[in-house]
Amino acid sequence: MTNKIYEGPKAALDGLLFDGMTIMSGGFGLSGNPESLIPEIRDSGVKNLTVISNNAGADGFGLWMLLQSRQIKKMIASYVGENKLFEQQYLAGELELELNPQGTLAERIRAGGAGIPAFYTKTGVGTVVAEGKPVEEFEGQLYVRETWLRADVAIVKAWKADTAGNLVYRKTARNFNPNMATAGKVTVAEVEEIVPVGSLDPEAIHTPGIYVDRVIKSTINEKRIEKLTERKREAA
Amino acid sequence: MTNKIYEGPKAALDGLLFDGMTIMSGGFGLSGNPESLIPEIRDSGVKNLTVISNNAGADGFGLWMLLQSRQIKKMIASYVGENKLFEQQYLAGELELELNPQGTLAERIRAGGAGIPAFYTKTGVGTVVAEGKPVEEFEGQLYVRETWLRADVAIVKAWKADTAGNLVYRKTARNFNPNMATAGKVTVAEVEEIVPVGSLDPEAIHTPGIYVDRVIKSTINEKRIEKLTERKREAA
Amino acid sequence: MAWTREEVAARAAKELKDGFYVNLGIGIPTLVANYIPEGVDVTLQSENGLLGIGPFPYEGEADPDLINAGKQTITILPSSSFFSSADSFAMIRGGHIDLTILGAMEVAANGDIANWTIPGKMVKGMGGAMDLVAGVKKVIVVMDHANKHGESKVLERCSLPLTGAGVVDLIITDLCVMACDKANGGGLTLIELAPDVTLDEVKAKTAAPFTVAPALAEAA
Amino acid sequence: MAWTREEVAARAAKELKDGFYVNLGIGIPTLVANYIPEGVDVTLQSENGLLGIGPFPYEGEADPDLINAGKQTITILPSSSFFSSADSFAMIRGGHIDLTILGAMEVAANGDIANWTIPGKMVKGMGGAMDLVAGVKKVIVVMDHANKHGESKVLERCSLPLTGAGVVDLIITDLCVMACDKANGGGLTLIELAPDVTLDEVKAKTAAPFTVAPALAEAA
């Protein structure tokens, strides 16, 4: 088997990056972000990126780094709130933004991986999202046509990988990661632990190894919490 | 919580069956068939069924029963070979048949569950499958538009269910079952074992309970093998 | 006396039925979880990939890999399951969620809702709101009846960019509850008043036509 | 001397490259798994929902819940994973499988293939064949060069209903190997002859125009 395990972020991205490319980056908020690969993209100096990700990081963290370094030309996302830097650059006209409903974004990515160039959804009918897109009636309801999204490289964060590239995610850090893993021409996964084949339950693989080209162990795994909400333990 | 566990096949289908209805039935060949629910549909005497299933059973087994009893008006399937009864009824004009490529069938069912009335696929372009359907070019390639499939009732076979209706399937008996579970107005699952909530790994649920309305323990669980292929153990 | 935020949440909670699968938006909608009626078992969905949201974690037990769509740390329940974003929105878009409760900036008599952007002022994004209003079986809006300038947020037509067109079923404000007949192109009916709020007050503060439910009309 | 079924399978196996993900059809294609070259590691996909097909089970160990797309009992490998039919065909349709090897009733010079039906005679269905030829990166056909009536199965145009249009990359028959330039609308090139099979024999038995690869032309 061709070896999928790479020694670190630099090796895992070697030869994959070029100016003007499209990158998908997993995560929801700061949960399930490829924290080790993003700084490596920053350090590579690659420019004019189109980045597809649900969010754009938060102050100092995640894709925020690539905004700060002005490597991103265009974001395709569903929510970029809680990110002052984004707002600044966008309002100054330095950044293109294509906002997608979150479910449409997820489905477009799934479609990209599944060989489906377009599909119809009720989401966004009668809103700016549907402007300029074909709208058609099926069974008495209106639906808007959306197209697939694919990327030159998808970077994802998983919990564990085996040496065949099979991935499992942890809790809600799964989010967009499995869908993006299917939609990159090349998919690079960073994981908390690399295990031998046979260690993962074949009934519970979230991303089959066929979708994963390169795997590294995370070198940064900070997992910042955006909104810590807790409750007090009742007195015994 | 409304109780999803029913005492047997008859109770689980009570009130759901009517003449002319559409039923989805999971399984690939004789693997992962809802073996207890199919005979109950036969015994109910419901007529003029449209049945959506990858295959149509095999001699004496699975959906073959509903062919024999002439309760099926139309089959939507991908492969009905190895079924003489089907061929007879079809060639005699007693049965309508809509053949779908297997992947198109699976995706149409997924689309039915996912609120996607239509999607484009390369599969079948230039063949009879594309006749009468819109064909359109995306990025220099031709794709045909296919529509969703939904059912009045979906019957599926899983390995285990918990009392919240979460399902896990076993090995390749999974096949169409999880997709069909999402596409029935009502979904009835038969399982080999019913376990308390908390017994199944939340990271490895194949069908979340939201899709499952009624659950029974299988009363028939024969699992006939169609093509037994084995190898000899090397002498020690 | 107008309803407080908590009372609005409690009123919304009365719309929950046993066995419902529910998605709650951020803000007042999240508070609804605190008022689920006795004997009513609902399962909360979080669109980032969880069915079965549990309570907030005990102090010191928060897990950064376990958050809701508002990015708050949460816990799970014995019946919970995790899934991907595409699977989560297949669930939403496919009509499998019974009820969603969302905030809004404007709601119109025809069932339109605007809750995601103010052109030129706010660049955030719609997140999952457009999917929820389009896909969920029943859509309830909870909000203040008027904005901070005292202007009605219940309008004949929305002025802000829409989140969804003809999607709202029920509006619960600090003043009253109004039903929207979205299946028939819209039309509001006042069905309930907050204590001591009068029909005249609602009429004065609502910039949309509405009818009054017979029971309320008699009482007035 | 024409190649036997086993030899055709062995020849097809030479097209496998290390790291390939491969889907093998029923019949001769299944035999290809027995001839995977030394040092070449390929992963076999089964469209009913398995990546990583293992060998047949030992006697008495067959599991009815573990079958391939031909409904034969099989085993798994340590690297295997199971998934649903929709996920399986997302993998196929999405272009993630490197190679598929299929049988055929007819193949045409333009890359068309017919392998699923004979109108009025056979009611079986296409199963996953249409998805495989449309979605897999490279499509190889293995078949007898002629049918049982001695008529060429390599044609200028297919006469039977198609499985896919302009999809075939390579044809391996008992007589020879032909490449199809499907990216440019088709056109066959003879690139290899079975031992002792002559160019004239292939010309006589092929009902389609083809060119001869320079290396072969020189040898002739």
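First chain written, first letter: the chains are A, B, C and D, and each begins at residue 1.
Heads up, the rule we're going with is that contacts are C-beta pairs under 8 Å (C-beta built on N, C-alpha and C of every residue); 3 or more make two chains touch, one makes a residue touch a chain.
Owing to the predicted nature of the structure, the values given are computational and were not obtained by experimental measurement.
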In contact with subunit B and subunit D alike are the chains A
Farthest chain from subunit C by C-alpha centroid distance is chain D
For the pair subunit A and subunit B, the C-alpha centroid-to-centroid distance in angstrom is 33
For the pair subunit B and subunit C, the C-alpha centroid-to-centroid distance in angstrom is 36
For the pair subunit A and subunit C, the C-alpha centroid-to-centroid distance in angstrom is 28
Among subunit C residues, those touching two or more other chains are 76, 82-83, 89-90, 92-93, 135
Check: subunit B positions touching at least 2 other chains come out as 107, 110, 114-116, 121-122, 169-171, 203, 206
Among line, ring, star, complete and other, the chain contact graph is other
Touching pairs here come out as A-B, A-C, A-D, B-C, B-D
Listed in rising order, subunit A residues that touch subunit C in their complex are 28-32, 54, 77-81, 86-87, 90-91, 97, 99, 101-107, 109-110, 121-129, 169-179, 206, 223-233
Within the complex, subunit A is touched by subunit D residues 18-19, 21, 41, 43, 45, 51-52, 76-83, 89-97, 135
In the complex, the residues of subunit A that touch subunit D are 1-2, 110, 112-116, 162-164, 166, 182, 196-198, 202-203, 205, 208-211
Note: in the complex, subunit A contacts subunit B through residues 107, 111, 114-122, 136, 138-139, 141, 143, 147, 168-171, 201, 203-204, 206
Within their complex, subunit D touches subunit B through residues 46-50, 55-74, 76, 82-86, 88-90, 92-93, 112, 123-131, 134-135, 161-166
